[in-house]
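My structure is below; once you've seen it, I'll send some questions.
Should a chain be cited, it is by its letter among A, B and C, assigned in written order, with residues numbered from 1 in that chain.
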């Protein structure tokens, strides 16, 4: 088979920083290629160059043996390269077919005598028909008339793929395609990818998840710190351990070691009962949720994103008005409280959106490390901030939590994702809370920092805390938690002992196929 | 009493015209995701240059050209700073507003020795009312719609055309997508900057017509800051109308109605009391905001504001 | 925080270029109507700064601008686009003029100066703060756009006071104004020859207090966080809505003091046009923006603006230059100020820099950051 795309000495620099360092690689026609690497290894930069979103500092891309220069995604598509981003680029208020034809709308024609005249008005019915044909051709499960906002994440991804296929691309790049999918949807996606291969498509998958790569790729390329480390055939020799070692550059331990300290089921530290909350459209997004967390226990929350976990976190952290229910820390009612009162009552909060709620990007690390606790006697006397103790606090936490700073007290925006998360973890863990609420604690965090965070979460558990862990990484929930509850449509649909349930079983509950609320 | 209502409706239609022009054009800019406070400046500019050019050349045609040109330049300045250089839109909008409150008196004082007024009634005949005989036979609607000026009739045509453009054409869809999710537009190769520029130019032409209605069909002269917050009122109308063309225009009509009411009431009270009536339009906007936002605020369950 | 020399140079250039461009545009406007721009600028600067006498006059003009500048900057610091200082100033000035003018039987009380002056100023501050409470509540409770609401309230404030002067106080004096401020309420001048009154000490005190609040207190810390990142502030328990209300009240108090001291010390009565053109509130807006909301910078720039204001008056009387030229220059300054011409990270002149989609930039920046 001939190479559909070849890249020679591709380099991309941002100022003094080299994101991609002289990359050489080749993709054969009709193969499924995986590009793996840690967060920040330069995968996204590479793909953005292949898709015309970034221009290389030096080097050359050949597509179909022709040198190509791409200045925009439109150029890339014209050359036959399509990309599906991790964050979908769809307009929620438009329908499936409108999104697919966005940018290449079909205009209405009328016959004037013999001549066909194009009106400047969009021909909706033809558009719908064409999209319908395409859906049938690839056998996708989609209705062209649905609005994007009413679609599941998996379906949205299929719309993105169709959008590219409609534009006749010869090579499809999928950026972290499984990040937001449940196990069953991942199966479907892999099916789809194999289907595309059978129809002659070349597919590149960018991911850091080894498991799925093993299941669908023909060849695997590994990137580390902006360099292409190597390409291997996906065969029995390419074990997960070996690939992980190539990614990180040293042997890694992929499993989590628990201390085995038992849950103190005598003592309930956190109790949520019949909690409900409506969103601004009036929809019940958290519906009659009840659970307890004991001392020395981690309760994991599994679920597809957008099923009420975000709102649950808002309700529990005082950012959203509840519609009813009760929340107790150590027996004390804290339902209507604001975040500052909650923290005073012994709650530690690691929010879902690190850069919107957890950290203030343009404030220095020292200020971020006291946020939420800035009113406490330790940092503030009679309304006046104690600069010395704030400074001391930073020095202590930076050391204890291994936060790596490029210079003295930089703005948080200059930290990496992992170090940023460590700032939050340090802040919340060091205040000695009795209950910890955590959402997506390792999203966008590199392997090293992830291991560090896991270790600290388990340490907190053993130090007699109750921990709520919300995560879309199912493996994270399963390996850390003692107990797991599954969220679907704002309700708890299942509860399991973490060690006694399979991924597949969890997937069934996450997708809503099974529910403990069903009359069995 | 019947006369009062008839007159009130007539003036509602008449006084809504500049607001409607400005609103329907502004919808596109606003919907494409750019807060344009310079609407105010654009109307003011159109008023000033239409009169200035007319006085200089003695020809209303050049006045019209001046109105369009100046509005296009104003919006081009706004576009250069906001779209091209990604400067803060509020800051730029306010700065342009202030610039355009300073330029007319500056030029007037230098060339016409009066800082606040430029008469052009020698060249402009403001009596452009069109009498449509058969309309008179219809009660209420007849007197309301008859004897209005050409631009008043034109504005409804413009609204219809631009509404179709908004919902039915590529450009309209692109405007909506640009405002909703700029990245999704860029991902398929739509040049969102270009969309914003076209929107700005549409808005410029509409503001020019808005100013022309004021000077050529109502006053025949320019007086200092004669746009009298109309741009801001239109911005409020667009916001209240959720950036949708027809709904925004309905709000513009409400504000036009209030202005007509103010005018009508003025004829019943002593001149001093009319001064207090002048705050009615501004008060109305605040009240309308309270009403529309209360319904939103009542539903919202979030305890924090999310920046748009 | 450390800043590199490169960043510092970029910062300085980014501040100087707008000044240069604005004066360039001003020069073009001066040429249009046949003035020599160098002559005009020389007269303005000389008239504003080049003698002790002129400087004392300048301080008098600068004094209210310092206060309105601080009031604006304090709101802006928290990301609240409160441009209602002008309206609040009017309400404060009017209320102070009533107390100072001896309305409502105050004249018969025979108040001594040391009570009458503070009473008038505090009344002004109180009413201005109450007026500022309206947009504050609208924002905090209903999330009404602050720019629109404060702008409307500006029109309402000028409309209301205009009505009061023309309709209610019509007969009080020969033209439309309140009674002259009683002798016991007149805020004395430092030197009877010059415009500057003891209000300058109030202004300096305000600068010091606000600087301290922003730099050292818990409230200042929270204001900083709110201005930078609203959601972060709320999520870390800063009660944003409550803080916004407090912010508006503080701004209102300062605006009220500015209006009151202007009426009691300089104008000696309230007239509808007391604030000048552009209004003192707007001058404060210019100053706050150019000072990037830094109180010390506000103080310095306000004095420069006061100098411009006085200098342009002498330029007008000498060669008949329209005062509006200065307003054109100020507006243009803001316009050019909104662009960052030099960026420390890119080394290229931004204007000629290559165009990239914002998405690509943020993606790659994020990735670049993760690698550090």
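Simple rule for what comes next: a contact is a pair of C-beta atoms (placed from the backbone, for glycine too) under 8 Å apart; a residue touches a chain by one contact, two chains touch by 3 or more.
These figures come from a predicted structure and were not determined experimentally.
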Interface with more contacting C-beta pairs, comparing A-C to A-B: A-C
Maximum centroid distance from subunit C, chain identifier (CA atoms): A
Subunit B and subunit C: spacing of chain centres that average the CA atoms, whole Å: 28
Distance between the centres, which are taken as Cα means, of subunit B and subunit A, whole angstrom: 45
Subunit C, residues touching no fewer than two other chains: 231, 234-235, 357, 359
Set of subunit A residues in contact with two or more other chains: 72, 318-319, 338
Interface hub residues of subunit B, defined as touching at least two other chains: 183, 186-187, 296, 300, 303-304
Subunit A-touching residues of subunit B, taken from the complex the two chains share: 164, 168-170, 173, 176-177, 180-181, 183-190, 296, 299-304
Touch list for subunit A against partner subunit B, complex: 72-74, 77, 85, 87-94, 98-99, 102-105, 107, 120-122, 163, 277-282, 314, 318-321, 323, 338
In the complex with subunit C, residue positions of subunit B that touch it: 37, 77, 81, 85-88, 90-92, 94-96, 98-99, 101-103, 105-107, 109-111, 115, 182-183, 186-187, 229, 232, 235-236, 239, 272-273, 275-276, 278-279, 282-283, 285-286, 289-290, 293-294, 296-297, 300, 303-307
Of all residues in subunit C, those that touch subunit A in their complex: 1-2, 216-222, 224-225, 228-229, 231-239, 345-346, 354, 356-357, 359-360, 363-372
Of all residues in subunit C, those that touch subunit B in their complex: 29, 32-34, 81, 83, 138, 141-145, 147-149, 151-153, 155-156, 159-160, 162-163, 166-167, 170, 230-231, 234-235, 240, 278, 282, 285, 289, 322, 324-325, 327-328, 330-332, 334-335, 337-339, 350-351, 357-359
